[in-house]
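Structure first, commentary second.
Order as written gives the chain letters A, B, C and D; numbering starts at 1 within each chain.
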Amino acid sequence: MSIPSNFGFGEEEQTLRDAARKFLAEQLPTDRLHRLVAGHQAGSPRWDPALWEQMAALGWTGVGVPERCGGVGMPFVAAVALAEEAGRAALPSPLIGTLQSSALLAACGNAEADAVLTQIASGKAVAPGITGPRGGWRGQDCALEVQGGCLSGTAHWVQDAAKADVFLLKARGSAGTGLYAVQADAPGLSLQPDAIVDLSRDQARLSLASVPAVELAAPGTADSVIAAAEPALFTLVSADLCGAAEWLLQTTVEYARVRQQFDRQIGFFQAVKHPLVDVMIAIDSARSHLYNAASAVDHDPAVSLRAAHMAKSAAAEAARFGASRAVQFHGGIGFTWECYVQVYFKRQLHNEALYGDAAWHRARLAEMLLGPVGA
Amino acid sequence: MSIPSNFGFGEEEQTLRDAARKFLAEQLPTDRLHRLVAGHQAGSPRWDPALWEQMAALGWTGVGVPERCGGVGMPFVAAVALAEEAGRAALPSPLIGTLQSSALLAACGNAEADAVLTQIASGKAVAPGITGPRGGWRGQDCALEVQGGCLSGTAHWVQDAAKADVFLLKARGSAGTGLYAVQADAPGLSLQPDAIVDLSRDQARLSLASVPAVELAAPGTADSVIAAAEPALFTLVSADLCGAAEWLLQTTVEYARVRQQFDRQIGFFQAVKHPLVDVMIAIDSARSHLYNAASAVDHDPAVSLRAAHMAKSAAAEAARFGASRAVQFHGGIGFTWECYVQVYFKRQLHNEALYGDAAWHRARLAEMLLGPVGA
Amino acid sequence: MSDSARKDSPEQSAFREHCRSWIAANLPPPSPVRLPQSALEIMTREQLDYLCAWQKAAYDAGLVGCDYPVDCGGGGRTDCQRVANEEMQRSAAPYFPNIIGLGMAAPTVFYHGSDALKRQVLPALLSGEEIWCQGFSEPGAGSDLASVQTFAERRGDRWVINGHKVWTSLAHFASWMILLARTDKSSKYDGLSYFVVPIRAALGKGVTVRPLIKMTGETGFNEVIFEDLEIDDALRLDEVGKGWTVAMTTLAHERGAGILVTPQSGGSRRGDGDAGLVSALVELARQSWRNGQCAADDPVIRDRLAQLLVREEGFRLNLKRARVAGLTDHPMRLMLQYKLLMSEVAQEAGRLGMDIAGNAGSLYVSDPAAPQAGRWPLAYMNSFGFTIAAGTSEVQRNILGERVLGLAKTK
Amino acid sequence: MSDSARKDSPEQSAFREHCRSWIAANLPPPSPVRLPQSALEIMTREQLDYLCAWQKAAYDAGLVGCDYPVDCGGGGRTDCQRVANEEMQRSAAPYFPNIIGLGMAAPTVFYHGSDALKRQVLPALLSGEEIWCQGFSEPGAGSDLASVQTFAERRGDRWVINGHKVWTSLAHFASWMILLARTDKSSKYDGLSYFVVPIRAALGKGVTVRPLIKMTGETGFNEVIFEDLEIDDALRLDEVGKGWTVAMTTLAHERGAGILVTPQSGGSRRGDGDAGLVSALVELARQSWRNGQCAADDPVIRDRLAQLLVREEGFRLNLKRARVAGLTDHPMRLMLQYKLLMSEVAQEAGRLGMDIAGNAGSLYVSDPAAPQAGRWPLAYMNSFGFTIAAGTSEVQRNILGERVLGLAKTK
């Protein structure tokens, strides 16, 4: 198998992407986004469930769900294109988690997983909760236990937990860790929201006391399921970062063309111009890696993990650099709550660390190149 | 003990430093240096032994040698000031190695070492050869053996070997490694010069076949002697780097004030101006660390290793950055053999790696901060 | 005898003894409310009251304004502020709240104000009884400060002020503002004049102060709007049209390159200052897990911590070296780097703190599980205040390239 | 079927078959002499002869200049050069020596030269029988190319040329030069005209070529001095005063942003090209010891190798993405990055190679113990040729900021 020369991004994918971009530009222009997430109404939900229903109706949730489960059955590169648009819009929604869940469920490959995929295709939001208290998603870093088909303990760092209908949780049994589906409204399950910097998402710790669960992967098999889904997990976060980084670049370039100091547009000054060029270069490399990784998931799984490590490390660096220059070059106004830049800036702080920051992914690449230290 | 507020750099040290700067500017202006090392006369020695004799006569070799051995007995900060001037002049000479040797000999602290110190005070050049084939200077990384008071094997990476009168060599005996003095003209010793990039020094591998040696540190004690001298070894190389980096900065600034493109001095452009400012900042941090480390050797040995690690890592980064910007901003001419910049550029390539590059010194600092990995 | 004491003059030596014994006996109790990272972020009256009480006590003991003349409320001493600062920074004392007054307004008034004005405003400034703020930046005048449009129109011996200042830290507590205003629209640099304005007295009567919210969610700075505010000509500093020259005195002191030593307390030994950055991060790394691995074992984190250590200590050693004539080449070379280095070290430290903490890095101040009380995301965001305000890092590099290296002026 | 073949037109498909079978049967033997890292560093006649023989053979087989018209010596095909390049780069073939001719002179002559001139010069250019060089830079005209002072004075239908060109790669082997010269001193950009000059025929008769020695100790580029050289007006490209426009065509192709595809051979599979950088460095790291530790175990080296991998592969993937309309925003955005990225990746690779090798890193090409034959210090030094020549990295960033991002022009 090999990656096609257009990364598998054909006419259908382009149509979907363009429609998504237009939809989000119309439905969630940045001023509306800012009011929604930074408007400071006490107790406001900071996202728009009605918009989510529209997105579900457009088939976004099930874009990668096989047709046998009622989904659209498009290649993974289409899901990545949607995630990139979500990043460009700093969209508060459970979309990324739901697309990640589709990848995990596809890796389970059984009737129970197909049932959840069918829920996704019908518009349900599913959030993965596979990261342990120490930030790892493989091995024994896990604070949930399974006994008699019920889960007890805590799940950490669950993204967009308050928006989810179903959770995919890793839990430890006597034979190792397995993967389970739990309904968000199941008795015995409660959410402790984390107070995070990012305004455009929510994060929570889940407490479970004997909550009934559906087994998706038997004890001892969670790691292999997660390993199979890792390239997709990483690539979807990379897409969010790439879309956001491009928004940050374009918004800052626009400001640098308008803002005058010393009787010149500030973009005249190489101290502004050259870093913005470097941001563009970083984004372009990240985007090229992004489509390559997405296409590898579709067409060449053997190289997809390596491609995804490259994509996440490039995207995290591009977004980090782009976000910091966006605030700096907006000057005093960029440092205020009212400036839209802050919403994107904070979302990237969160995205960067999610499923491993740039340095962690590079450490994995170094192992692929050189073997482990001391080898 | 604590480091004085003027780093122990008083009037005498300043007088010595200023005299050295003047002497080298007069005796080895850059055009003469370039002819000397880059003039391409076949078989030319690429250094000026007569100049070295003058320097010895001025007391530079014995600046830190105790008065009981005929030296000047100044504090280490004076030796560092001389090394910085040597770096500023890209001086081809065995001075740095001889000053390093003084530190090693002082750490030996016995009559045999004092005898070599007396030779130094009288103007002899001494080169350390303690680095093993794998680039380490502690432990078992050593290809020389001692037997019956004679050394056999090879010594690697000996700096300015062709200029030295005496070598200080590490050799392995049955009880561990010891330190030995060997005369450069001893029978059984031969030099294989390395072809190195740097034009302003020489480097060689020494082959020894039963060469008579004077024991300076008994087998099993070389590591502790070297450990005691490490802060001085690192700091002297840092001084060379700092002096050179300042020359590179000033030379490039001068060019940026003169060279016109687009009807402006190129220093007008922030793409030139700001990196030069960053070079200056890097140099200033490195110089502050340098004097602190030098003064720590004199006044607070307990913190001197940490200070020296900081000094070498800061100096290596400053010189690396300064040298690369010097070539880049000199443009086409900076890339030619005839441009003086190349001599300094190449010397820094060599200095950076000598006794550990910046990353290696930072790894040691990280161990001081955090303990070893896995601690 | 401490190293800094070694070269004291007899006056300094006696004064140092006084400072030490007074501080030992009069260190304030810990703050009953959580204090922000610097005086510029004071948000509540409780925070202010606690800090003002400390400044007043230190002033009354002669530790603030030691080198100002007695008739300006000072101590009339010679080069003793440095001594007081050393002793206060050695202690666990808090910082002073009147940071803009002490650091910028006082030296500016001292060098450019009339004798009457100095006697009028400096005593309550030094004691902290009257807080000061700075009215320089405007929506259209940031890096290009000389383009300020706030206009002061002369009417006899009065001036009528209209305009809009922004990023005015402490304005919500301030009695006075140092104001750079345009008095002539036909000339950019020569059309500026400099005033001190009693804004608190004029609240609601020509002056409106509105808080601006920072990206951190904190307030701390403000916009200040002038509508036909009248002030007396006696509040002008230096001549009409010399405002830019006066502002340069202010900015030189702000950048740490001024002649007068700013009274400073708190800092290096308190754990909140720069000296605490690396040790706090080391502590954090030992406690933090990233991707299932202890952050202290992560090689890239280790390298960045060592880099930060080298930068931070280099910065501190620069300040020491700047006072050794034989080891500096250009009189301003080190001091003009101060603000740039401080702000960029703070930015890297904040960023590194978030990276060390991994998933927990973006837990914010209101989350009880946030590592080190959410200090690092807060510090990272606030660091952009430092790299933007008071001359952006880009402007600082211009200044260094032009004034120290002698390169052609960019603008 | 290979991926690149998937979308071939019928003509391309048949041509691809031809290329494959011809290459398989006609790959030249390994060079009897060591070849430099690129054609710009050809130093000896032996190197040149070997490479010219390959270019001539490939030309005779129709693999060079496929898309040029038949009467210009081309193959008269449509979009087939890309196919030939893909097949040649897949093979172990060497590169072409006439790199300036193929990449810059040919498209410039094709778009701006008279039909007679095209027929005169292009066949021997494409076959490699006549080597070309580029006469743009001068001692006073580097980044500011439009300030060239070499003057061409009109005398009837002849021009008399006087001036001094520098950094002229391949001039010591070249038959022809593309020359940017001033024809009017009263106008900067509109005072330039563009010529092709038969320099080899004029050696000693108005043209002097002198080698310049690079910091590496290698020659490879030259200075070329014109003293009253007369050439015919028929050798002019486009109109008098349009030289800057013509030069833009040359530079667009040099930067990889031109319309015509440059014939290219060698590269990715040979181990000397970019693709080989990371794997060569990995190999080096496994063999190298730094401070007593294997370089492959050094965490900072590991991180930098991974960074280089990401940059290098990102660069390569950019080239692929640039051809997918739906995944690019601005037509020039990716292609205009080409030169900047290539040169900076090469610089970091050279530097990293030296760092990996530790003490052995500065052993140079003539030392038999130098790791990988001293490749890395040589590559590091030569990389400054890339970041300086053909528009410095600083100029490249201006171009990207202005043409792609639409920011105000700096100069």
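By definition in this document, a residue touches a chain if its C-beta (ideal position, glycine included) is under 8 Å from a C-beta of that chain, and two chains touch if they have at least 3 such contacts.
Small disclaimer: the values here were computed from a predicted structure and weren't measured.
> Which chain maximises the distance between its CA centroid and that of subunit A?
The chain lying farthest from subunit A is B.
> Quick check: more C-beta contact pairs in B-C or A-B?
B-C
> Between subunit B and subunit D, tell me the centre distance in angstrom, where each centre is the average of that chain's C-alpha atoms.
For subunit B versus subunit D, the centre distance works out to 40 Å.
> With centres defined as the mean C-alpha position, give me the subunit A-subunit B separation in Å.
Roughly 51 Å, centre to centre.
> Quick one: which residues in subunit D touch 2 or more of the other chains?
299-300, 302-303, 394, 397-398, 410
> For subunit A, write out the residues touching at least two other chains, lowest number first.
264, 269-272, 274, 359, 362-363
> Taking the complex as given, what residues does subunit A use to touch subunit B?
269-271, 274
> Applying the document's contact rule, which stretches of subunit C touch subunit A when the two form their complex?
My answer: residues 137, 139-140, 142-144, 147, 166-167, 212-215, 217, 289-293, 298-301, 347, 354-355, 358-367, 369-370, 377, 380, 384-385, 387-389, 392-394, 397-398, 410-411.
> Enumerate the contact residues on subunit D facing subunit A in the complex.
Contact set of subunit D toward subunit A: 3-4, 6-7, 278, 282, 285-286, 296-297, 299, 302-303, 305-307, 309-311, 313-315, 317-318, 320-321, 323-324, 326-327, 333-334, 337, 340-341, 394, 397-398, 400-402, 404-410.
> Would you mind writing out the residues of subunit B in touch with subunit C in their complex?
Where subunit B meets subunit C, its residues are 2-7, 9, 13-14, 17, 253, 256-257, 264-265, 267-270, 272-274, 276-278, 280-281, 284-289, 291-292, 310, 313-314, 359, 362-363, 365-366, 369-371, 373-375.
> Looking at the complex, which residues from subunit A come into contact with subunit C?
131-139, 141, 156-157, 194-198, 260-262, 264, 266, 269, 271-272, 324, 327-328, 331-339, 342, 345-346, 349-350, 353-354, 356-357, 359-360, 362-363
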